[in-house]
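Letters A, B, C and D mark the chains as written, and numbering starts fresh at 1 in each.
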Amino acid sequence: MSTTLKVAVLGAAGRMGATVCRAVEGADDLELVARLDAGDPVDASTLAGADVAVDFTVPSATEANVHAVLDAGAHAVVGTTGWDDASRGRVTEHLGRVNSGRPDGQGLGVLIAPNFGLSAVLAMTFAAKAARYFESAEVIELHHPDKVDAPSGTARHTAAAVARARSEAGLTAMPDATESGVEARGADVDGVRVHAVRLRGLVAHEEILFGNVGEQLVIRQDSFDRVSFMPGVLLAVREVVSRPGLTVGLENVLDLS
Amino acid sequence: MSTTLKVAVLGAAGRMGATVCRAVEGADDLELVARLDAGDPVDASTLAGADVAVDFTVPSATEANVHAVLDAGAHAVVGTTGWDDASRGRVTEHLGRVNSGRPDGQGLGVLIAPNFGLSAVLAMTFAAKAARYFESAEVIELHHPDKVDAPSGTARHTAAAVARARSEAGLTAMPDATESGVEARGADVDGVRVHAVRLRGLVAHEEILFGNVGEQLVIRQDSFDRVSFMPGVLLAVREVVSRPGLTVGLENVLDLS
Amino acid sequence: MSTTLKVAVLGAAGRMGATVCRAVEGADDLELVARLDAGDPVDASTLAGADVAVDFTVPSATEANVHAVLDAGAHAVVGTTGWDDASRGRVTEHLGRVNSGRPDGQGLGVLIAPNFGLSAVLAMTFAAKAARYFESAEVIELHHPDKVDAPSGTARHTAAAVARARSEAGLTAMPDATESGVEARGADVDGVRVHAVRLRGLVAHEEILFGNVGEQLVIRQDSFDRVSFMPGVLLAVREVVSRPGLTVGLENVLDLS
Amino acid sequence: MSTTLKVAVLGAAGRMGATVCRAVEGADDLELVARLDAGDPVDASTLAGADVAVDFTVPSATEANVHAVLDAGAHAVVGTTGWDDASRGRVTEHLGRVNSGRPDGQGLGVLIAPNFGLSAVLAMTFAAKAARYFESAEVIELHHPDKVDAPSGTARHTAAAVARARSEAGLTAMPDATESGVEARGADVDGVRVHAVRLRGLVAHEEILFGNVGEQLVIRQDSFDRVSFMPGVLLAVREVVSRPGLTVGLENVLDLS
């Protein structure tokens, strides 16, 4: 592999794909070698020698794309949603097959991440680590008012991770004397209260609050723009080449030791 | 009246009353002349020449105290809860009677305030003023987890004031596309969403968020300790002597022009 | 005047001007009747019957534009910088002359505003009102790291307004025991400390913090995008027609009573 | 060792020491067996069978106390300041000597921590981990106005840790186009800007801000009261018994994997 990584973008005409193309072109250590879109075949020829293919397509196409990328001998970074245990299992199996025939240290890798926002991923990761040390924890997510679901998927995942960490540390239910007006206390996600604010002018924001007697820890992240996902996508591109097999979640390629 | 105001405290043995006594003693322009408690008669003799009596007693005693203070020729500042239209009406009537017999500019005043926290009162006042200029508005209140009611009275009043200001300005419903998970969207107070956070370590906090396309205004207040009410109580003592009649709410003696 | 206000935009090809054009076109009660740019004459003919002309041009052109707008019988809203006492004085004189010949209630108005951000203007206004009630006050402004001056003009104005309000209320210097490391305490603007943060990802944000024993009030505003100025510009357009004479500052057309 | 840990407190009459005594008495799994103060000898007899001794005394006494505690066969948790490389070295040597004569898994431990605030320690730890992933980073610390030094020691340590992490990750200087008004940009700690706010009503608070294009991560911690150190002290007591040798910093006994 050359010192410059060659990158193909699948879904290059979409909003995220186009943003990825610009980000790759703006990075000194990366070279954009192919832009593919709906209808384009995905094979060694169209991937044009790419080391890594980045997939921001649609749920109905993404799994087939990944298999085709592996068949062409490239690594894959996937930001498309729609993956489940079955489709991830088939990719793991494919990776095992293809990597058994490759020299040591040159195995192919696939990184699937539901969220490439570094601030969002770090906030969630830190929140899970902090959870066991505090008596109380709540999540507030704030989004633009055109969002149709509440609370956000990120907030749900964060609350679930906080709840899991509390449970593993043997913590019991949080203190809460509320007798009236429980509808003001937000949604209950595994025992963690999650509040959803919808405000014109905002994009996507999350705040995790932790409290002990006399102290508070607040972790907040703000995503102002979809370009905020690019540092995470580029990081994934650079990391996937040295991580054979399937990795799920950007947090697993961050160095947080 | 001397340049030093003489102050009596009713309910001097209670937590708030005792704190008021210390605050009065610490103020150069005020002199503590009487501390009265449950069982003590309230009259010209026990009030000891006080210009102003501050009442932090109990709902069952406060109205009778105010009438007795007026009969003794003193002004009153009241922080006790439990007042309604009827009891306020009787005080207004009493003030009319007693002030008709007093020289111009020397009428007695009574100031009843549900909240003496300057930051809380200012936050609510500013929120009501800002409300007409923003497409979206929501309220988050945060308290210690031993609080039994949600949302807090202050948050309810704030939300109601925001709703009233929006209505007066002809604003219609806020944008909100939420289709699923509405339980994460908090309580609905006159069309304004109010979220209640309960966290060990906190005392009493409120945040009002306003949003337009591309901008946000946030007004936040923190009450860390009951001593935070003292600047408001002392301000009320100094202002009530020049405001004959009944005044309800500390915001009405603030100079916000 | 019809119930729909006719609006001309001067500097329509600039970034702000173009944004104003789109905002006017998107407003039901406004009609965009002229777009003028550098080199275009400004007169009754080119203004095409506009009730109000909005000037987002350049400092070297803005005063002449305003005089020409008045000669054409239209009101003016000005967002261009570069005004001083002398140029404002000439506009006041011109307004006096032209309004003396117009029927009562139909005088022309000119509104010059250095900032059309509603959240920014409200934050500054509220901060000035709150200042007299707190022992401590500090300002934190946060901007993108390409900004060359610190602290921001808005933060300077805010701090000066806070200082003036404190002085008028007879407050003395704020408590500050700092003996070492005063360089961490920010810039001193009339006795108010102002801190400037420069962070990639931010746009323009300001926080004013007030403190008393046991309590804090924080007023924060965020400008995420230049479109955030549009509600303020449209408000100015609607208000200027009923405010003959010169008005400086958007806060003076807000209803904050 | 019994399932209930026996604890001695050195400096029990001081403010921190007295608070530790109450916290130990309030914990089901701990038993307070000795309260020692200035002038009391520290030996096996006065420590009364304590498994762990907690030292909140004075810089001039703390090292001698730790040696005496080790001689008595107990573990030590130290919150007193004044330690340097030399004194820490002597404790390490003492620990080596005494632990060589003890059965495996029963070695004595000493934990010295400059800060027992969990929220403060976690904020600093997370900030160091996040630092490598962001283009910009700044620190704001906020304290009561009676503090004589700026910026706070915690903020200095945080900024230094952020700078070290950036350097290790190969990051260069942060973007900052400031040409005028650099005094508003705070203190420079190893290239990281640190701002110190002093506000009546506050106690001890720290905010670390990170920014990339389009996103922000903020980690904030609030210490409202010295009781906030107690969860950290109790955690240290429980952990030190299974960590032979010298440990410096509460973060090293936290489980952040």
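The rule is simple: contacts are C-beta pairs under 8 Å (C-beta built on N, C-alpha and C of every residue); 3 or more make two chains touch, one makes a residue touch a chain.
For each chain, UniProt lists the protein as follows: A, B, C, D = 4-hydroxy-tetrahydrodipicolinate reductase.
These numbers come from a predicted model, not from an experiment.
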{"item": "Centroid-based (C-alpha) most distant chain relative to chain B", "value": "A"}
{"item": "Inter-chain centre distance, chain B versus chain D - centres from mean C-alpha coordinates, in Å", "value": "41"}
{"item": "Geometric centre distance via CA averages, chain D-chain A, whole Å", "value": "34"}
{"item": "Centre-of-Cα separation between chain D and chain C, whole angstrom", "value": "47"}
{"item": "Where chain B touches two or more other chains, by residue", "value": "134, 201, 210, 212-216, 222, 224, 228"}
{"item": "Touch-based graph of the chains, sorted into line, ring, star, complete or other", "value": "complete"}
{"item": "Residues of chain A touching chain B in the complex", "value": "134-138, 140, 142, 145-151, 174-187, 193-202, 209-216"}
{"item": "Chain B residues touching chain C - in the complex, by the definition given at the top", "value": "117-120, 122-123, 126, 129-130, 132-134, 210, 212-231, 235, 254-257"}
{"item": "Chain B - residues contacting chain D, complex", "value": "201, 203, 222, 224, 228"}
